[in-house]
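For reference, chains read A, B, C and D in written order, and residue numbers begin at 1 within each chain.
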Amino acid sequence: MKAAIVGATGYGGIELIRLLHSHPDIESMTVFSSSQEGKQMAESYPHVTGIVELTLKDIEPERLKEHDVVFLSTPPGVSAELSATLNGGVRIIDLSGDLRLKNADTYRHWYGRESAPDALLQEAVYGLTEWHREEVRTAGLLSNPGCYATTVLTGILPLIQKQAAEAGDLIIDAKSGTTGAGRSPSAMTHFSEMNDNLKIYKVNEHKHTPEMEQELTRFSGKEAPVTFSPHLVPMTRGIMATMYVPLSPGWQQKDLENLFEQCYRNSPFVRIRKDGALPFTKEVYGTNYCDIGFTVDERTGRATIVSVIDNLMKGASGQAVQNMNLMFGFPETRGLDYIPMYP
Amino acid sequence: MKAAIVGATGYGGIELIRLLHSHPDIESMTVFSSSQEGKQMAESYPHVTGIVELTLKDIEPERLKEHDVVFLSTPPGVSAELSATLNGGVRIIDLSGDLRLKNADTYRHWYGRESAPDALLQEAVYGLTEWHREEVRTAGLLSNPGCYATTVLTGILPLIQKQAAEAGDLIIDAKSGTTGAGRSPSAMTHFSEMNDNLKIYKVNEHKHTPEMEQELTRFSGKEAPVTFSPHLVPMTRGIMATMYVPLSPGWQQKDLENLFEQCYRNSPFVRIRKDGALPFTKEVYGTNYCDIGFTVDERTGRATIVSVIDNLMKGASGQAVQNMNLMFGFPETRGLDYIPMYP
Amino acid sequence: MKAAIVGATGYGGIELIRLLHSHPDIESMTVFSSSQEGKQMAESYPHVTGIVELTLKDIEPERLKEHDVVFLSTPPGVSAELSATLNGGVRIIDLSGDLRLKNADTYRHWYGRESAPDALLQEAVYGLTEWHREEVRTAGLLSNPGCYATTVLTGILPLIQKQAAEAGDLIIDAKSGTTGAGRSPSAMTHFSEMNDNLKIYKVNEHKHTPEMEQELTRFSGKEAPVTFSPHLVPMTRGIMATMYVPLSPGWQQKDLENLFEQCYRNSPFVRIRKDGALPFTKEVYGTNYCDIGFTVDERTGRATIVSVIDNLMKGASGQAVQNMNLMFGFPETRGLDYIPMYP
Amino acid sequence: MKAAIVGATGYGGIELIRLLHSHPDIESMTVFSSSQEGKQMAESYPHVTGIVELTLKDIEPERLKEHDVVFLSTPPGVSAELSATLNGGVRIIDLSGDLRLKNADTYRHWYGRESAPDALLQEAVYGLTEWHREEVRTAGLLSNPGCYATTVLTGILPLIQKQAAEAGDLIIDAKSGTTGAGRSPSAMTHFSEMNDNLKIYKVNEHKHTPEMEQELTRFSGKEAPVTFSPHLVPMTRGIMATMYVPLSPGWQQKDLENLFEQCYRNSPFVRIRKDGALPFTKEVYGTNYCDIGFTVDERTGRATIVSVIDNLMKGASGQAVQNMNLMFGFPETRGLDYIPMYP
């Protein structure tokens, strides 16, 4: 199989390269970048010296169509445009947010820019793998979920689907490593100001919010806004979402444990902690796992649910490859069977 | 003035030494430790070489009473015992949790050990300075608040007192640097496993919880349990409490801003961020400030309140010195007028 | 093939498990620990939950002999004892320092304890793979090199062997992440005191020194002490050795480049940087690579050579697996073909 | 006394503000910036909210001359120009490298740009306080040393001056926190790529090299190039220079100890470690101290000297204030008597 990676020099791109290089069904990779044509990957990333010997190519739609799958790890807007051009000619996995929302108005509101054509929005399959496996298998145009959305939805959808909790009551306190902010240097992620510091940003204004709400509505049948606070933690990889929700009457610790076990029994990348144990971000480092723990407080009737992922893996490139596996009929875990690197 | 520090080799102790050494009204300091009699402070902490030339002394109550104030930076149980022995003979500032709760049963439940004598519990003044200034001034036995409790209560009490929110609705997601866990090496705070990692622990079981609830009840008149999740962030100092609460009808961003400004207009160590700006932990590094920001989400009617402190300063030794200043009639900021170290 | 790991709960052990679990020629692994018999690996390391389902067994020599290979990731002294018992009955790869030195007196001097029996010291093959491949292939008892020694020797031996420099002139400034210090919590590696801090320790007294000198003598024919300063850097993994040496007359940048290229042309895990480029530790993160760069200063006639490895991989478990591959006739890179995780 | 800070929004500038704000002899501060006229300091640095209420002013020479002292924390070139304009009209402390070298050719070679006018180069006093106290007292134009140069020279000059070692034999391995690289975000100091990583850069090409060599020549009477390797460590503040040098015959550990004690007996900011103890960077965090340790290796006859400073303090703004104190007849430690913040 031939894979193309567009936007190969970003963090999503280089992580795709790490995964696809070792994927037994990928026969060749081609890497594209809008501005660095002719450069070797190793010039941009010395860590692949002698391993990945690929030259960056200029983005040409005809060339892209010669592949079996095209990964778009491109900025907002660029993905929409490329998807429109390529769609139908090649199967697409888009890692940007351009195709995640079904409603163009919602996109415009949260992203502050024009949306992709409505037909594309409607066609794109939202690739939260565990919750849309059948659609993913046949998708021609797949929209890979946001890192925060993946963490949150994987942890909360079981409760929402079974009405153990109401989406409208959901409070999400999320913490991310800095790679989620991408490779462009900025004041926010300057080492001198991020080290030994904890930051909070875009409270109730983060672009992954409508994506969560869309899915919550899909599985609850109700519209309900969530409260969402992202934080930036001085670490490279990892997201933890700590979620708070009042439980419907009758639900207890053991019921939640059964619910989660049941819900994810056929999902190799979701691991459920037992007996109130809670996961730490490093326990999924470098892998596609989503680890989930929870604890019910009898004093308040609230559940605290903790979901962790590696933002570059299950939160981006790992889930993209998981989706590719389904789209092309490979086993879901193919090329993703890493053990977390610890410590 | 003569100050004694018991438990001088812990982080609370060494931070007290840093502050009192430069405090213009402290004429002499004596340092005590249960196990290291005869050692120089600089043997334990090379950073004070040539600055603090003090020899650790064995803990003898009679010797302690020769001072004007005794700081107890001692483990649970030890503080209770020493307080019982010394009380009446010298003014005491206890940094442990032994005297924070008025109710002995509550202490036993959360701390899993016998409480201090009830008379001491009743007599001890809870030293959350901004909220108990008058009591602090005359206190003979002062119980210095917990680091998490200080962060949370300073951020939420204004709303509770003015009924802008209900204590029972309060959800607290707190994140701390590792110095809050003390100086004893442990698996939890081993560098190799804490670096590049985010941990969550003791959800709804942390000892600072009843202390928060006691104060919330005092200012609301109602008993109401809170939801409280502490996290450990890979940084040395700093606590951020992100708090979520539905607002009473009519309260908006500007109302909260006025409320906070009004409430803390005479509190030199509380700084209110305006227009929805939110503080980062490093913005109070090394100082006694508590910085507070907040944002009201019109979609959900919830407020998100962010409160940050340096856990060793306003969360421990800084507030202890602030209390000492009031107890002895010094200006509240005496010896505490540091600018945050940034970056 | 059946592999046994003794001391499986240390960092060397868990890294071996990560590697061997995915190694295509390992059919089964058994894990042993002196003190935790009956415990699941996942109790000690939640990150392997659902992946590695192994129960720790008590260390019994007869049981160990039922395997094809035994990895000893045990403390000094224990390795010597187990090696003596097992030797001849099973092929052994010892990750401790017990069998690295040929001279028992030297061992006693640097390790401050009695050495293993002399016959074992003489029999053990020093597993610096790139420099002892032929011996490694037939080794029954293999002693895996120290992490610092591997970094240093891989970077400097080409010059020593070809007399481009004198071993006696060698100055080594090495910097390590904290995992090199193992899993036991200590004041030295307590997060609160290691974060945002740079430490230096055991200057000219580190146990890896005689191991370097033994190899330098082997390839130069001369006895010559080195100057060696290890530092502890606030990072989890990685070693960088910055080495300084005057060059023999006539040697220039391009000559060194040729020398290294030539020397390591058949060594898949050694990567040479060109044109004076120097490697960073993260460029080998999680892999068995040793990356080497160098620069010649015409003003002083000195070369600065920079060698980096991942201390848990090429510095311990990775090289152990590389040696196992040779010992059992597998391709050298089998089960070790990871791309560095970056960032 | 009235102080002006030009380039107030850089890290050198904000550290000067921290120090001068609490300096008892500074009556007023004015802050200047080339591009942010009219902005409040707190907009750029929220941590000074409510403490430093200063508005940035445009850089006008006439206005600058109204002060008693002008600190130039400006980029290369800008400092030279402003110095030329202001010199004679006001006492200047320049924190850039523009005036550190006496030889214009050397400046051009290492800085790759035209030097300041030769008259300025000759007039400027090199403000390595401990070694040029008398010149500093009367300086009208003071050039504050580089952070690496300060660390290195304070640690090695005693040996050079007393011929315990030869400057030409000196090998310097230096490690710095990231604040030395300034406030502008860059790929090099992007958190995602600097965290958990150790970098080496500009080996034998760093601009602080000629400054070290100039001083070494001044105190040895000989010209001799040094070997100098700077590294970037994942920490915010701190520099450690590990220096290697063969000792002249007869010099031993105790002789060095006496030499250092004698040399710095009247230098309040230099602290000598005894008995081979070596300092860590955090032991001077936030202060103007330079801590020095050393150990002599009898096997090689080499000394390893370890010198640590806080790069923003003794390496920049702290030493600038120390120099100001001397220039204006204040006690050397005035406004600098901080205890290191630890941990």
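Following the convention adopted for this analysis, a contact is a pair of C-beta atoms (placed from the backbone, for glycine too) under 8 Å apart; a residue touches a chain by one contact, two chains touch by 3 or more.
Owing to the predicted nature of the structure, the values given are computational and were not obtained by experimental measurement.
K.L.:
Note down the smallest number of touching-chain steps it takes to go from chain A to chain C.
P.N.:
The fewest steps needed to get from chain A to chain C is 1.
K.L.:
Counting C-beta pairs in contact, which comes out ahead: A-B or B-C?
P.N.:
If we tally the C-beta pairs in contact for B-C and A-B, the bigger total goes to A-B.
K.L.:
Just grab the chain with the largest centre-to-centre distance to chain B, centres being mean Cα coordinates.
P.N.:
Using the mean of the C-alpha atoms as each chain's centre, the farthest one from chain B is C.
K.L.:
More than half of A-C's contact pairs recur, by residue number, in one of C-D, B-D or A-D. Which one?
P.N.:
Over half of the A-C contact pairs recur in B-D.
K.L.:
Measure off the straight-line distance from the CA centroid of chain B to the CA centroid of chain D, and report it in whole Å.
P.N.:
Taking the average C-alpha coordinate of chain B and of chain D, the gap between them is 36 Å.
K.L.:
Per the centroid of Cα atoms for each chain, what is the distance between chain A and chain B, given in Å?
P.N.:
Computed from C-alpha means, the inter-chain centre distance equals 39 Å.
K.L.:
Take the average of all CA coordinates in chain B, do the same for chain C, and state the distance between these two points in whole angstrom.
P.N.:
Result: the chain centres lie 46 Å from each other.
K.L.:
Hey, what residues on chain B touch two or more of the other chains?
P.N.:
11, 177, 179, 192, 195-196, 234-237, 280, 282, 285, 343 - these are the residues of chain B that touch more than one other chain.
K.L.:
So in the complex, the part of chain C that touches chain A is made up of which residues?
P.N.:
Against chain A, the touching part of chain C is residues 11, 14, 17-18, 21-22, 45-52, 179, 195-196, 236-237, 271, 273, 277, 279-280, 282-286, 291, 337-343.
K.L.:
Taking the complex as given, what residues does chain C use to touch chain B?
P.N.:
11, 177-179, 181, 183, 185-187, 189-192, 194-196, 234-236
K.L.:
Please output the residues of chain B touching chain A within their complex, sorted ascending.
P.N.:
Result: residues 168, 171, 173, 175, 177, 192-193, 195-201, 203-204, 225-227, 229, 231, 233-238, 240, 242, 244, 278, 280-282, 285, 295, 297, 299-300, 302, 304, 306, 308, 343 of chain B touch chain A.
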